[in-house]
Structures are given as C-alpha cells and as structure tokens.
Amino acid sequence: MKVWLDAVLVLLILTNLRLLGSARLTVCIRTVAAQAVLLGVLPLFVQAGAVTFRVALLCAASTLLKAGALPWLLRRAAREANVRNEVEPLVGFTTSLLLGLALLGLSMHVADGLRLPGIEGPHFMVTVALFTTLVGLFVIVSRVKAVMQALGYLAMENGIYAFGMAFAVEETLLVEMGILLDVFVAVLVMGITIHHISREFDHMDTDRLSALKD
Amino acid sequence: MFPIASIAHVVLALLLAPLLPGVINRTKAWFAGRRGPRLAQTYFDLWKLLHKGAVYSRTTNWVFVAGPIVGLACVVTAMLIVPLGGVPGFLAFSGDFLLLACLLGLMRFFTVIAALDTGSSFEGMGGSREVFFSALAEPAMLLGLTALAASSQSLSLSSIYVLIGTQASLSSAGPAMLLVAAALGIVFLTENARIPIDDPNTHLELTMIHEVMVLDHGGPDLAMIEYGSAVKLWVLGALLVGIVVPVRSGHGAVDLLAGVGGMVLLAVFTGVVESTMARLKLLRVPQFLVAAAVLSILALVLVMR
Amino acid sequence: MQALRAELIWGLLLIPAAAAGGCFLIRPNAPRRALLVLAALGHAALTLCAWSGAVRPTAYGWIAIDAASLLFLSVTSILFLAASIYAVGYLAQEQRQLQSAPREPDLDEEPPFTNYPEATFTGCLLAFLATMSLVAVSRHLGLMWVAVEATTLASAPLIYFHRNSRSLEATWKYLVICSVGIALALLGNFFLAVAARSYGGTPIPLTLDDLAAAAGSLDPRWLKGAFLLLLVGYGTKMGLAPLHTWLPDAHSEAPSVVSALLSGALLNCAFLTILRVHGLLVAAGLGAFSRELLVDFGLISMTVAAVFLIRQADYKRMLAYSSIEHMGILALGVGIGGLAGLGALLHTVNHSLTKAMLFFAAGNILAVYRTKSTDQARGVLRVLPLTGVLWIAGFLAITGSPPFGPFLSEFMILKGAIDAHRPWIAAACLAALALAFIGMAGAVINMAYGTAAPGAAQRLDLSPIVPQREPLWSILPPLALGLAVLILGVYIPPPLGDLLRRAAEILHVQ
C-alpha cells in the first residue's frame, strides 16, 4: 500500500514538473486534470480501508469537477481565443524546471518543520501538497497567457486540497462542498473573462494588459 | 562462481553486441511493414568492412587513426566494469561508476577530435552538437547512478545492481528506481544517437549528429566504430536492464540468461520508440535532457529523504 | 430584552439572495430597479430590528449576530440602501445615454462601449449584499471563507459593467489576485484546523465559540502560521499593502456605485474576518504576535498609499488609494489595541460612510465631465454646485478634519498609540496623514475651483459654464451620508457607542 501511495505522490510531483516545463496550453490543461484525478484517488490509499460514504462522495465530486468540467471550460476558452501557440513565458522553461526543483527543496524544508504526530498518511504528502501550491503560485506569477494563470490557480487549489487531505482536516461535508463550488464558479468566471479578454484584445497575454498603472 | 559468470558475461557481450542493432532494425522494419535485414546483418557488415581498405585524407594525422582504436578500447574496458543484473562485472571496485562515465567520455572525446581532424565543417558541426548534448546528458546519468548508490549504500556498480533488483528494495524505493530508469533510458537514447535525439537513418548531413562524425572513416576503422557503438549499446543498456529486470536468483546462469533476454527486449523497445516517435526539434533537445536530469535529481531527493 | 427569532438572520440572507434570483428573471427594467430598492429596504429594516434585541443563533451555531456582526451589518445595510437609490438613477441615466444617439467618446477611453445587461448588474449587486451579510453573520471559519470567496465572485461582473478594455483588465487583476489571496486564506484555515486538533481527542470544530473556549490548547506554532496566512489572504481582499495592487484598478474602472460598495462594505467585511482571527489569537495568549503583524501591515499600507496619492492623475484612483490608507489606519489601530482599537472600530463606520459619499460625488462628476482625469475635470463648484460642496466636504472629512467623524476616530487611534507608549508610530501615522492631505488637497481643490482647461470646455460643450442639472437621486444619498458623518463627528449616539464598546470587547481589540 505504501508503494502505491508513494507512486501516486511521485506522479503528482511529475505532473507539477510537467506543468512547469511544458509549452503547449492543451498539454498543461491535461496535466492539471491529471493532477485532479490523482488527488481524487489519493484518499483511497491514505485511509487504508476506512473509506466512508462521505470520502467517496467527495472524491467523486471533486474528480468530476476538477478533472472534467473545469478543463473542458478552459479548453473551450482557449479554443475560442484561437490560442494553441507555444507560450513564451517570462521565465524560460529550463529555468522554470530548475526553479521547480528549488521549490521542491523548499517545500521539503518547510514540511520538515511542520512535523506533527497524527498525520494521516506519510509525511511526504505534506511536502507534495506544499510543492503543488508553490508551483501553482509560480505559474500564476511567471506565465503570460490568461489561461495559464487560471491553471496556476487550479494547481494552487489542488495543492491546498492535498494539504487538507494530508492532515485529515475534519471539515464537514457542507464546507468542503462549498469550497468545491467556489473553485468551480471561480474558474467559470475566469473562463468567461478570458473569453472577453480574447474578444476585446487580440491576444490573451496578461502582461500586455498594462494600460492601468501609476 | 563469481568470476565464471562475469567472464561468461564479457564473452557473451562481446559476441552478442552486434546483434542488438540487428534487433532494432528488424523491429523498425516490422513496424514499417517490411521484412527488413537479417538479424545478423551487422556481423556480415563488420566482416565486409574488415576486408576493405581504408583511405586517409592528407589533412589528417595520427589522431584520425587513433580515434576509432581508442574508442573501441575504452568501450571494451567499460564492458569489463558493467554488471548485468545479478551478474557482477569482471572488475569491480569502489567508485567504478565514475570510471565508467570517464571511459565513455574519453571515447566521445576521441571520436570528436578525430572528426575535427578532418577539417570538414560537417564533422565539426556534428562534433559540437554531440558534445553539447552529452554535456547535458552526463549529469543525468551520474545523478541517476548516485541515486542508485545512495539507495543501496554502496559505491561499486556491481554491488549496487546486486542489491537494488530485489523485491524488498523495489517495494521500498520503487518510484525512485522507476525515475532513475526513466532518466537512464533518456541517456541511453541520447548517447547511442537514437530517435528522439538523432536519427541514425538520416542521409542529410545537416541533420546528423553522430553519423556525421564518422562520415570520413572507412574499412577497418569503420568496422571498429560500428562494433564499438554496438558494445556501447550493450554497456548503457546493461545499466538500464539491471534496474528494470528484477531477477536476482543467485545462480550465474539464470541471471545471465535473464540479463541477455532483457537486453534483447530493450533493443526491441528502442526499435518501437524509434518507429513511433518523431525526432525532436534541435532546440527542444536541451529541454528534454534537462528533464532527464530533473528526473534523476528527483530520484535522488526521494532516496535521500 | 427578549431574544428575537432566528429567522431574522435567515431573512437577512435570503431576501437579497431571492431578490438577486428575481432580478435575473424579471425582464423590464423598472420593476427590477424597484426590486433592488425594496430588497435594500427590507435588509435595512431587518438590521434595524436586530438592534432592538439579541438574536438567537441558528444553524447549529454557525450563523449568529453578535455585536461585531451587527456593527458591520449596519454599515453595509446603510451603504447598500444609499447605493440602491443612487443605482436606480444611475442605471436609468446610463440607459438614456446608451439609447440617445451619438455617444461621444470619453476623453481618455476608447469609443464606444456597451454596458453589461442591467439584469446581471442588479442581480450581482444583490448577490453581493447577500454574501457580505453572510460574512458578517457567520461564526464558522470555513463558512466565512466560502462567503468571502463568494463576494469576490459576485463582485467581479460588477467591475466589468462598462465593457471596455480597461475595466476588463481591472476585472482580471481583481479575480486573479483576490482568488490567490483567498486560496492562501484557505491554507490558513487548514493550518487552524490542524492547530485545533487536541491530540488524541476529538478535533475541535472551527466555530469561533468552540475555538475561543479551547484557545489554550491550540498549538501555538500552527496558530501563528494560520494567522499569518489568513492575514495575507484576507488582507489581499482588504487592500493592505503590498497586496493592494488590484484595488486602484478595480475601484477606478468600476461604476461609482460599485466602487462605493467595494470601498465601504467589502473592505470592511474582509477586515472583520481578520479581526475574528486576531481575537482568537488574543484569547490564546498570542496577541503580541498578531498585533505586531497588524501594526507592520498598517504602517506599510499608510506609507504606500500616501506616496501614491501625491500627483495622482485620476480622481477615482485617488479615492482608491485613500481607501488603502484608511485600511492601514484600521490595521494600525487594532494592532495598537486599547483606545486605538475602539477608535479603529469607530473609524470603520466613519470611513465607509465618507468614502461612499465621495464615490457618489465622483460618479456625478464623471457623468457630466466624462473624464476621470483631475486635470480635465475642473470647476466642479460652478458646474455642479451641490456635488462640488459634497466633494469638498468629503475631502475634508476623509483627510481627518474636524468637525467630521473621521477626525474623532483618527484622534482616538493616535491617542491610543501615545497611551501605549508608542509615540513613533503616532508620529509616522501623522506624517502619512499629512502627506495624504497634501496629495489629495491639490487634486480636490483644483477640481473644485479651477477653470476648465480650454480644450475640455469646448469638447464638453460646457460653455457658457452654467450649473448643470443635478437629479435628486444623485444628491440625496451622498448628502444623507455626509450629514451622518458630520453628526458622528460631534455626537456619538449612545446605542452606537454601546455597540462599539461591546464589539471591541468581543473582538478583543481593547
């Protein structure tokens, strides 16, 4: 069981690195969807055996939303904007990959400081959760296309969700559903805004949105 | 038993190495719907080349002649160090994986300066590309081997490979091993000039990397180069097969057989990769290699935590 | 006083929510605008009822009205009522302008733009009210998080009302920055949940009461980490520097009604969430840590805002930076504690009312001059006399001149700082306020008294310069708010004072 858990966590790290190192939008969207699927099956490995109805419902709902509906939304937004071009980010891809490794080291360091007895699942999960969150933040800051920023936000949410899972945070079903709904509506609104951005301007580059400044 | 299996491994490797390119070509032909050349075609090619004469350009000197000789010597020496799964290498000492990397580097160095010696711009271009890609691939290989060394707590290739193939180590460090295997696989494809890095079948000099460096060699020199590259395939493949094939029965014969079978399977896998993938844009190759290095580092991080 | 029924709270939440749904269904404009005002009136009436007695908590203790909730709820309610009256006239005016033929382009914006459908605007306004009320009344931190995220999502379409490229840029920045902030706040909530794990026992639910009761047994490291993350996350919503970058853009590009609500109500709700967590830390004995952080963020916000206020070319952006400065003052006040804490709570009321008044006046100026530049929009006192008076009065109020309300609250904060033996902080605060005064004075006085630039007058056909017609809907709300601020400057009604003291006690800011 531990091997499978380790494998899933390593796959999560690989998806993050792929997100950092990939040039094409469709690849990145699929990577974030894969992250959501991996996170969806993670609770089944963590709570070895005690899979309650609530856990199963949450897994299914979050996987459906984050791996199905949201990528579909973003893909539609990207398609309507006719963006399939390779993205030239503010930080090059090789540099992003190496920075990603640095972020992994940072999250390992921070996770070491957060050792707490009673964590469900291996301690490695905290590292991976923090790493995913940091990668999401980095993608938002360093990428130029609006869809990539929405993907970075999704990756951040994935990471925070994994963090909550690592510590088996006992939020009630209602609040967790609320969080899920919020993420869904947030990406919906982002998708609509991206659609407007691509219609209003000819591009989807947020670093060219600089008319408002002091 | 210890030396017999190793000696048998060395002998088998030197004998069977030319079979690997044959298997690769046969697989590619099968994918293309052709019948393809014989499996033993490389042997016939070597025989033909040894009976030909070589032509040396007036602009070259001893370096051009020495290139293939030193290359072959290096790779055969590397053959003596490399274990194949449970079969230890003929020579084994602490830190021998560094010697392996250095031998391969020396072989590469002599190939490149032999190419530069001809004074032709094509060879120079091929040499610069080869060195650039190898400079990126070597960290991946060394870091991957370091991860293996860290996981098995030993510094000799033979003991590393004997220890890591067991069931216990796979269950505890499985994902890290897989990552190292992936990284070494990419290094394997790079060093042996296979797709997606280099196309061995291309006849356009501007797109060649490895082929263009040996463009001016002929006769016995070319035979030595071809044989050397086949043995290099075996050497780097043995590193990979040792991780992926988890047979450590303790009996030399069984391990050897499993290892050889793994090599053949690796050749088939290479053929499949060559047939299904397209060659990467030259600008993308550094990113690909950095990805391999990142995988190695990741494996190292996983092992060290 | 007998306890009132818990349905009051549900009414506070459901009336705006149901009205929001109704707005999307009603086709003609006039009934929809009437619905907006009716819902605002209903909300205000229920809030008034809540003043008269304690309300029973409901939903398993997740939703309740305590003194702090009532304070922020009242401010929101009053602001929304004023805004709804203003919005009705504003929407009608926009509709007329869109329908009447050649639309002259704004002086520095692209021609021509279309407006969002009014249904979306009104619906989102009411949804905004519902979500802000939820933030004020929720006692479960997870629910509070959901509500704050919902306010972001409800207000994003409002910023994009004028569909042009600048407002789109502002909306995108708002969405991304606030979503990232709120995601960090979620991480903070998780940290809090981990801190709330009593080892081996049952985990403590994340309601304020349960957490406060078990405050002693919360892990301090995790609690501090949670506070830092929640401060950064909700501070993004509140507009604390250096997380404020979305604020000037959003406030300047949104319609003035929306800017007034954003500045006056939304920033306050974010502040309330920070206050709740701060109260928790004080109960756990870590008050010094959170106070220091609040003081630091407060000082940074005030300094940044003061610097950017000087030579600000866009008067709505100027008001936005002023909001940032006042949020800094609030954080500073709470960080110092004692009398300053009480002053900070009073200041939330004063600032909201004043800023809303200023934004309404700015909206009037924008409607006539059709430019946001302080250089071009001059001679306001002559062109729009009543608005001009309100504009100057608002400027005096917001920069802390007596006899207006903010003077009193800022004075309380400064005195609290000196009482707490931190004179340097008081000095820094005064310096920032002075800088802000200088920065704003230049712009406001030029706008009020200057003669219009020659080119501008021709383009806008303001010659001869005669006073323009100022409709009642555009004067009444800001005038009412201004009078309230004036009254609060000289006399604090006992119920309000009592409520402030009770709120300060609950939030542990004293």
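Note that the chains are named A, B and C in the order they appear, and that numbering of residues resets to 1 at the start of each chain.
The definition used in the following text is that a contact is a pair of C-beta atoms (placed from the backbone, for glycine too) under 8 Å apart; a residue touches a chain by one contact, two chains touch by 3 or more.
Predicted model, so just to flag it, every value in this text is computed and none were measured.
Chains touching both subunit A and subunit C: none. Here the two chains linked by the largest count of contacting C-beta pairs are A-C.
Put simply, the chain closest to the centre of the protein, by Cα centroids, is A. Centroid distances from subunit C, each centroid being the mean of CA atoms, peak for B.
Rounded to a whole number, the gap between the C-alpha centres of subunit A and subunit C is 31 angstrom. The geometric centre of subunit A is 38 Å away from that of subunit B, both derived from CA atoms. Here the spacing of subunit B and subunit C, counted between their Cα centres, is 67 Å. Residue positions of subunit A with contacts to 2 or more other chains are absent. Taken residue by residue, subunit C touches two or more other chains at no position, since every residue touches fewer.
Contact of a single residue of subunit B with at least two other chains is seen at no position.
Taken in their complex, subunit C has these residues touching subunit A: 140, 142-143, 145-146, 149-150, 152-153, 156-157, 160, 163-166, 168-173, 175-176, 179-180, 183, 186-187, 190, 193-194, 197, 199-200, 203, 206, 219, 222, 248-249, 252-253, 308, 312, 317.
Residue ranges of subunit B in contact with subunit A, taken from their complex: 170-172, 174-176, 178-179, 286-287, 290-291, 294, 297-298, 301-302, 305. On subunit A, the positions that touch subunit B within their shared complex are 2-3, 6-7, 9-10, 13-14, 17, 21, 93-94, 97-98, 100-101, 104-105, 108, 124, 127.
Per the touch definition, subunit A reaches subunit C in the complex via residues 116-118, 133, 137, 140, 146, 149, 153, 156-157, 160, 163-164, 167, 169-172, 175, 178-179, 181-182, 185-186, 189-190, 193, 196-197, 200-201, 206, 209-212, 214.
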